[in-house]
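Two complexes follow with chain A in common, the first pairing it with chain B and the second with chain C.
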Partner chain A sequence: MPVSLEQDRRVWQRYDRATVLKRWAWWIVATIVVLGCWQIISGATRWEFVADAPQQLAQLVVRAFPPRWDYMSELWKPLWDTVNIATLGTLVGLIIAFPVAFLAARNTTPHPVIRIIALLIIVVSRSVNSLIWALMLVALIGPGLLAGIIAIGLRSIGFLGKLFYEAIEETSIEPIEAIASTGASRFQVLTYAYLPQVLPAFTGVTVFRWDINIRESTVLGLVGAGGLGIALNSSINSLQWDRAGMIFVVIFVMVLISEWISARVRKAII
Partner chain B sequence: MSIKAPSTRGWRPPPLISDPRLRWLIIIGVVVYLYFALSSVNINVERLIRGLDRGSRMFAGFLQPDFTTRWRDIQAGLIESLTMTVVSTVIGIIISIPIGFGAARNMAPMPIYLFCRGLITISRTFQEVIIAIVFVVMFGFGPLAGVLTLSFATIGFLAKLLAEDIEEIDAAQVEATRTTGASWLQTVTYGVLPQVSPRLVGLSIYRFDINLRESAIVGVVGAGGIGATLQTAFTRYDFDIASAILIIIIVLVMITELISSYIRRRLQ
Partner chain C sequence: MLRLEQIVKKYPTGDHALRGVDLEVPEHQVMALIGPSGAGKSTLIRCINRLVEPTSGRIWLKDLEMVSLNARELRRARRRIGMIFQEYALVERLTVMENVLSGRLGYVGFWQSWFRRFPQTDIDHAFMLLDRVGLAEFADKRADALSGGQRQRVGIARALIQQPDLLLVDEPTASLDPKTSRQIMRLITELARERNLAVIINIHDVPLAQMFAQRIVGLRQGTLVYDGTPEGLTADRLTDIYGEENWEGQFKAEEDLSTEEQAQIADARRFDPVV
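And now, the complex of A and B:
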């Protein structure tokens, strides 16, 4: 701790002079970077459109409220589709992520090279947003539910795989050695020693991802991959904000319910 | 008296759900659901076969990404995405701190608490793209709508975790600061902030990663960034350009993830 002498009094300071200067330098560099970035954003903005934002918002609210409640009768089918995209997509992700996680975990991987390939699958899947996967799949296999399901599945592999393999790497070694010492085969060690230890974590993570997927699947329709997003897109394109408002209400309620379910299930497991 | 052979005594591991009635109810429910859900997915086989052909073209595109043809568009989109990420993360952090304090039950009076919690819930419920749609209507097309979208999403994420952190702080330190005669602001800066700031920094860096990933998609609805270029490439079936953009996104995300995990490890 640096202590300086000021008029024969000892003054305590948290940092010495060099550290203080270094900290200031970092703050200045960071501020310059942020301001530079803001310059670029500001240069690409039409400020006259920003000026009337309050009026736009007021118009939006007036047009969207009250939401058209009777539009609900047409929303049940997209709502069901959205839930299915999220649930079946999570299932697809789960089926693929399960083996990938065991190949990626340091203690269960058959070979270091295979481990790197598995980690690569996880990283690529995680870096690409489900909406981008959906863009790609709609171009590939055409618009519809299937593209949405696969998009959600592909994005879920990385999330589930990462948290799964971390759970596998945290398993305790004693039960595994105990089972292995009875002469169990590799497969038996997996099912009787590893699985019981990781199954609760796997279930919790999967339910958590399902909850996220419900949220993500609401927008996949914007690029044609089915669900509520298609209804939202057509309502906005035809400027029927009262319908869009109804869809916002539906999404809000659906997400709250799914969050409640996922919290309940995770609490029951832990 | 006959003795049963020990081989008939089988052992099974205990099931995950111990109540057999609940277990069977869940199994039957899942089967019934899967039947109805799968039957509502109509698969167009003919379209899928055509897709396979495109798939091979896409795969070829991935092996030979085309960085040059649309490099100007890609470069502009990338710079926009990166700057959006930086600005929105900073704005998000600055706003999250007061909101996080407001949403902590032990710091704020009831009306402020409810207001902040409400804001966090709205931000967390709606996917970024939906928020972007509203902001594009309000502020016009362009990166500003994207910045505001990502800032808003950042608030929902950071403020919630910060509030939970503040609710769990050690009250003794706060009390000790207060007994010295510190004002409310001094209590917060010397009694509360030091307890939560290491985790806040870590979470902010993590959120930077997320914002970079999200900045690649808000362009789909016109809120700036690389998303619009990517969508154009896909709708024109320019798979070599699309793959170039995807490769750039993946590499960027990987680099920032490496840097952020390095910083977070040094902070701990």
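And now, the complex of A and C:
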């Protein structure tokens, strides 16, 4: 009851007294929980290790610097693999996510049961990290590029599918009614009324995911799924920090370029 | 031409939008449907092409009963009914030409429409209509580059390229300025006469309805409460439709018009086709 009567005048407050007290109570509980957690974390931490972290970091940088520039000649191939894993993986995800999104969107799904199945596909894909997908796939189909591509693809289905179907549900109904009222078939309504409305969102989301996948595919090699990660793993295992430093430089430049490309594409389609 | 029998629409939310509407529209008639917001005007015209499914009742388009059609038959029937919308309902990211040609989707196959391979006769017709509505040089512009009045003209061309028997028009002028509103109404009624169409126009603007329609039907809370000539719409009748209000001034509009405009109105009401 934000409006109350006080001596014949109507008084408006955002919250009434009970709500104000309840809100204070929640804030106090939340503060206690945070402080309690801090206590537990602090107790479980060995602070002497934390204390020498700066020296450790300094040593790491010293070992990795200067990077071994001539190691680059051996990195072109894994770099190419990484870009391929990301791009082909995104493509696999796109091809599967596109129909799944139309089945999952409330306004385009042919049947509620199919919608639930489509949503399930999206949730399963989203709830597993691509590194875990890669781990499973390396066990299933052996190490290499293919495992990486499929891992990235499987993870992308959920991401793309979810953002795609949200875009489909946000389309405006008027053009859809208009196209349907001409006697157009179901698929003609999809291609003439829905697709033009969702295409900019679809493109933006896909490029964004490709950009994320470039970064994710660099680590997939750690579990044997091809790309720069394999080189990084072997360099660190053999304590060749100058090589690892070189790999970090390559990853940094590659991510910078992919981010630039994705920004340009998204700007172009608006 | 069009006959509605006891059309009832009850929404799942419990709104009783239409409570048994009987209506007959002969060929070549321009009929205006007026009534307060929420009276069921939009629901009524959407029931005719079943964008909204009527709860019960029958709809006859000539000899074809609309309510009992299956999805495939409904698509065929919809080709005969053109529709024009309040917010134009163009596909904004498609070109003017694509929007106009989308009126032919019921007649071309999926892949034909996907690759935009419309028959040359359709394209000829589209250019003719664009000439007629004065947008010939806009064919390649994207629909979102047009003004409100221009968009509505594209909407009109899209409805007419269907070569419909019946035109459903939902608040065509509600988003337009007074001058453009008159131009659009004039265009719709002229084209309807040229092509001998029956037209149902939902409209809020009573003077505009009186100016351009041959017959006015008033809807209130899902029931027909007026069916007669534009001249018969007196203050008492308006009270029947909209509820108690001081209607003075409502009828001034037409008296204030210039003689030239009055002549145009008289012309618009004439039945004979004008080329």
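Everything below uses one rule, namely that the second predicted complex is superposed on the first by the 216 of 270 C-alpha atoms of A that agree within 3 Å, B and C clash if a C-alpha of one lies under 4 Å from a C-alpha of the other, contacts with A are read in each partner's own complex, and residues count from 1 in each chain.
We take it that a contact is a pair of C-beta atoms (placed from the backbone, for glycine too) under 8 Å apart; a residue touches a chain by one contact, two chains touch by 3 or more.
Predicted, not measured: the structure shown is a model, and the values here were computed from it.
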- Message: One more residue to check, A:179. First (chain B), second (chain C), both or neither?
- Response: second
- Which holds for A:196: it touches chain B only (first), chain C only (second), both, or neither? both
- Per residue count on chain A, the busier partner among chain B and chain C is B
- Query: After superposition on the shared chain, which partner residues are touched by A:84: those of chain B (first), chain C (second), both, or neither?
  - Reply: first
- Query: Does chain B (first) or chain C (second) touch A:111, or do both, or does neither?
  - Reply: neither
- Could you look at A:248 and tell me whether it touches chain B, chain C, both or neither (first, second, both, neither)? first
- Message: So chain A touches chain B in one structure and chain C in the other; where do those two contact lists coincide?
- Response: 192, 196, 199-200
- In their shared complex, at which residues does chain B touch chain A? 13, 16, 33, 37-38, 40-44, 47-48, 50-51, 54-55, 58, 79-80, 82-84, 86-87, 90, 121-122, 125-127, 129-130, 133-134, 137-140, 142-144, 147, 213-214, 216-217, 220-221, 224, 227, 230-231, 234-235, 237, 239, 242, 246, 249-250, 253-254
- Task: Under the touch definition given earlier, write down the residues of chain A that touch chain C in their complex.
- Result: 174-175, 177-185, 187-188, 191-193, 196-197, 199-200
- Note on the structure: Note: in the complex, chain C contacts chain A through residues 46, 49, 51, 75-79, 81-83, 85, 87-94, 98, 102-107, 110, 113-114, 155, 158, 162, 168
- Item | In the complex with chain B, residue positions of chain A that touch it | 33-34, 37-38, 40-42, 44-46, 49-50, 53, 56-57, 60, 80-81, 84, 87-88, 123-124, 126-129, 131-132, 135-136, 138-142, 144-146, 149, 192, 196, 199-200, 203, 215-216, 218-219, 222-223, 232, 236, 248, 251-252, 255-256
